[in-house]
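We just call them A, B and C in the order they show up, numbering each chain from 1.
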Amino acid sequence: MENIYKPDLMEVLAVRQQTSDVKSVRIRFKDEEKARKFNFRVGQFGIYSLFGYGESTFNICSSSNWKDYIEFCFRKTGKVTEGLWQISEGDTIGFRGPYGNSYPTEAWEGKNLVFISGGIAMPPVRCAIWYVLENRAKYGNITIVYGARTVGDLVFQDELDKWAEYPNVRVVRTVDPGGETPDWKGEIGFVPTIVEKAQIPAENSVALVIGPPIMIKFTLPVLDKMGIAAKDIYTSLENRMKCGVGKCGRCNCGPVYVCKEGPVFTLEQLNKLPMDY
Amino acid sequence: MDKWLEQERPVAAPVRLQDNRVMYQPLTASSQIVSDGFVHAENSIKEFFFPRTEKLYNYKFVGQDVELQDVTVEDAPRMVLFARPCDAASLPILDHVFNWDYKDEFYNRRRRATTVVTLACTEHDTHCFCTSVGLTPDSEQGSDVLLLPLGDGNFEVRMLTEKGKELFRDLVQTSDKTAQIPEGPAKKFDVDEVLQFLEENFDSPFWEEQTLRCLGCAACAYNCPTCHCFDIVDEGNACGGCRVKNWDACQFSMFSLHASGHNPRSIQAQRQRQRIQHKFRIYHEKFGTYLCTGCGNCGRNCPVSLGVLNVVEAIHRRTVKASEKD
Amino acid sequence: MLKQLRQICKELLEEGKVNAVIGYGQDAPGKPAYPIFVTQPADVTQLVWNSHCYNNLAVYLTQKRIRALYPKVAIIVKGCDARAVTVLEKDSQISREDVVVIGMACEGVGEPREPKCNACDVHMPHNVDITVGEVPNPPVTQEQRFAELNAFLKKTPEERMAYWKTELARCVKCYACRQTCPLCYCERCIVDKNRPTCIDTSATLKGNFAWQITRAFHQAARCVGCDECTRVCPAGINLRLLNQSLALAAENCFEFRAGMDAELEPVVGAYSLQDKENFIR
């Protein structure tokens, strides 16, 4: 009997601690056939099982070009993530997916891209950045602005360095005032302020903005002032999910199911949604 | 019925409990069945297609590895007897969500295996409003067989599907008697007007004014033939366990609570709004039918006499007042 | 009585002594009354008082949203409801200065009369600020109060287990019992906790037994016998028997009846040097 709720078994290849409460995990399908056949688009999410604890929803934060593993990143917050905190190489977890819609990377071709994220919201942007860099020639100038409360809260810091090495890629790092260390060489200021300060040329641009609500709230006017249209600003919503397949009735924002018609939305679409997220 | 039960084919029918309540229950003997003396059972028939709790699979820990064991849903023939038209009509409605791109075989297998024998209504009470959502006391939607009481202990039998014909073919005699089914409750509101109100009044203080007394239980949702929200949890120990799908309700305060502590629906008014929006706007936008059959169980079971009809009638009064002003 | 009640409420609202009156409204005679929140003096005409006033309105006294909207309230209670207000007060869940308790003389609710009313000795409510009406309030023996339970306890344990297995099989975990109970005021109920999961949320026999028995125990010496849980249960489970068994234990062990005496400290919430310690071995 086909069981849409049954996950695939995954082997944990590596666990990397990113911050005091954030880890990233690389997993691979135990079934070779499934590993070979699996495909997804950046922006989609999966539902990851820790048997005995439950399931949790995270974006697939690895590039869809990488075939050896998929990766997810989580903060230790609740029952499932506290359990996930304990896993190590060789353990078995479950995975269901890919679910949801994805970043329209084809529509982004030929455009300048602005990636803005804050704190633990970097991973869903990270997959898009790697994907785009792996097809560098198809895209225009790339600006990456990434900030966190403190230096210790920045994730994938080593990858930020690598991204800056690509042609026409500008990486701006920032921490909130008071979050810097003595040897901090990046910017100091809230992400929206730094975006404005960065004076990013905005013609023919598309922006992907993911972060805590307060960061998004103050970044959007900056992008608006820069001249990027609402239909060209993308974000990824999160809402409480359980089934991921549009049945359990939990994740909807008004008439829109985040698991089926999202999580990727343009600002234009977001403006039409009621405050139900 | 006894023959079916002897063959271990499950049958569910209205049964009278010791305190005079009537509820759909799995039968152990045909003598339990009641077919009259009540307007509607306290519960709905959805639990025979979408159980209150259901195992999705078992898991067992073997070192660092995990073994998953499938469960199968029995698809031996089963029957729901003497459902009401408002119960049977919920099945084609639920078919949409349980097959939206991903097919829920737990639901589908039971659906395919079950013959639904519906009993048309000869009376209604103040909670009923099937006629306001496009149904009637003798609606055929979702039924394999529709029985219409002739008043003399016999029924007019309409065999609507192959399953229905197979069951009743040898039990019927031709006759020229037809049943006289009463009209049912007067229409209490206009669904199109309600839909428009819902589209235009998401942030209105109406919601709190109308639903302040709601206690936040799930008596309405769990006895509703069309409410289908569910939860998925693991139950087990250090050796293994199972993952189960349980009924859940948008009325619970933790339903939409994020692990971060953020809750988009933190007050009951927002949760009530979600229920009405889901039934009369969201489901219709997605699937073209309303997520309500007007059975009235929500109102009958609500500890504070709220239910759905109360809120929708309040919407109706507003839209009538608004159009009078124009 | 109703006229007097409405006048009292009108004055309380006019004088600004309360932000709202929590009382009963009714759509039509003969239909169940339901809770209403009256904020305007002119609206006191919506208040009713009759044998259909089932709800225990004390449940709203601990609802955050209601108290945020209406910090000072007047509440209309029957004798059983008034007992709940007393328990809330003794459990430090409400500030009595913010609540004006209007006690209604009550001869019983329900047609036919609810079972709880047949052994009631609080027809005149205790510990209220204002009393409306007067009805006879003869004493009732413990035997009368626990007649139903004692008859049930005559069954063998096997019979009783079989009974509960059948009854609790119907529980759907809707938590109507919990949501309607004024003494179930925990911010996060034990059944909602998941670190660890103490009670299965599934509506299996295991999950249902665990839930109902735990709730009964958590209500020991706190349940006031308003019986709303039994009335609202959509599955028709006689929860009264569970709650009464613990109430009987509270009476026999501690001579305590929840909410009857506002001077007594709560059994589970208070500690005295005279407490028995013979269970510590």
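What we mean here is this: a contact is a pair of C-beta atoms (placed from the backbone, for glycine too) under 8 Å apart; a residue touches a chain by one contact, two chains touch by 3 or more.
Remember, it's a predicted structure, so these values are computed and weren't measured experimentally.
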Most centrally placed chain, judged by C-alpha centres: B
Chain of greatest Cα-centre distance to subunit C: A
Leader among chain pairs (count of C-beta contacts): A-B
Computed distance of Cα centres, subunit B from subunit A, in Å: 38
Distance from the mean Cα position of subunit C to that of subunit A, given in whole angstrom: 49
Separation of subunit B from subunit C, taking each centre as the mean of its C-alpha atoms, in whole Å: 31
Shared interface positions of subunit A, touching two or more other chains: 54, 78
Per-residue multi-chain contacts in subunit B, two or more chains: 231, 233
Partner subunit C, residues of subunit A touching it in the complex: 54, 78-79, 82
For the subunit C and subunit B complex, residues of the former touching the latter: 27, 31-37, 55, 59-60, 65-66, 69, 170, 172-176, 178-180, 192, 197, 200-204, 207, 228, 231-232, 234-236, 238
Complex contacts: residues of subunit A adjacent to subunit B: 1-7, 9, 49, 51-56, 77-78, 81, 90-92, 94, 238-240, 242-243, 245-250, 252-255, 260, 274-277
Complex contact set, residues of subunit B against subunit C: 17, 19, 21, 23, 25, 42-43, 52-53, 126, 212-213, 215-219, 221-223, 231, 233, 235, 244, 246-247, 249, 252, 254, 267-268, 301, 303-306
Residue numbers on subunit C that touch subunit A, as the complex places them: 194-195
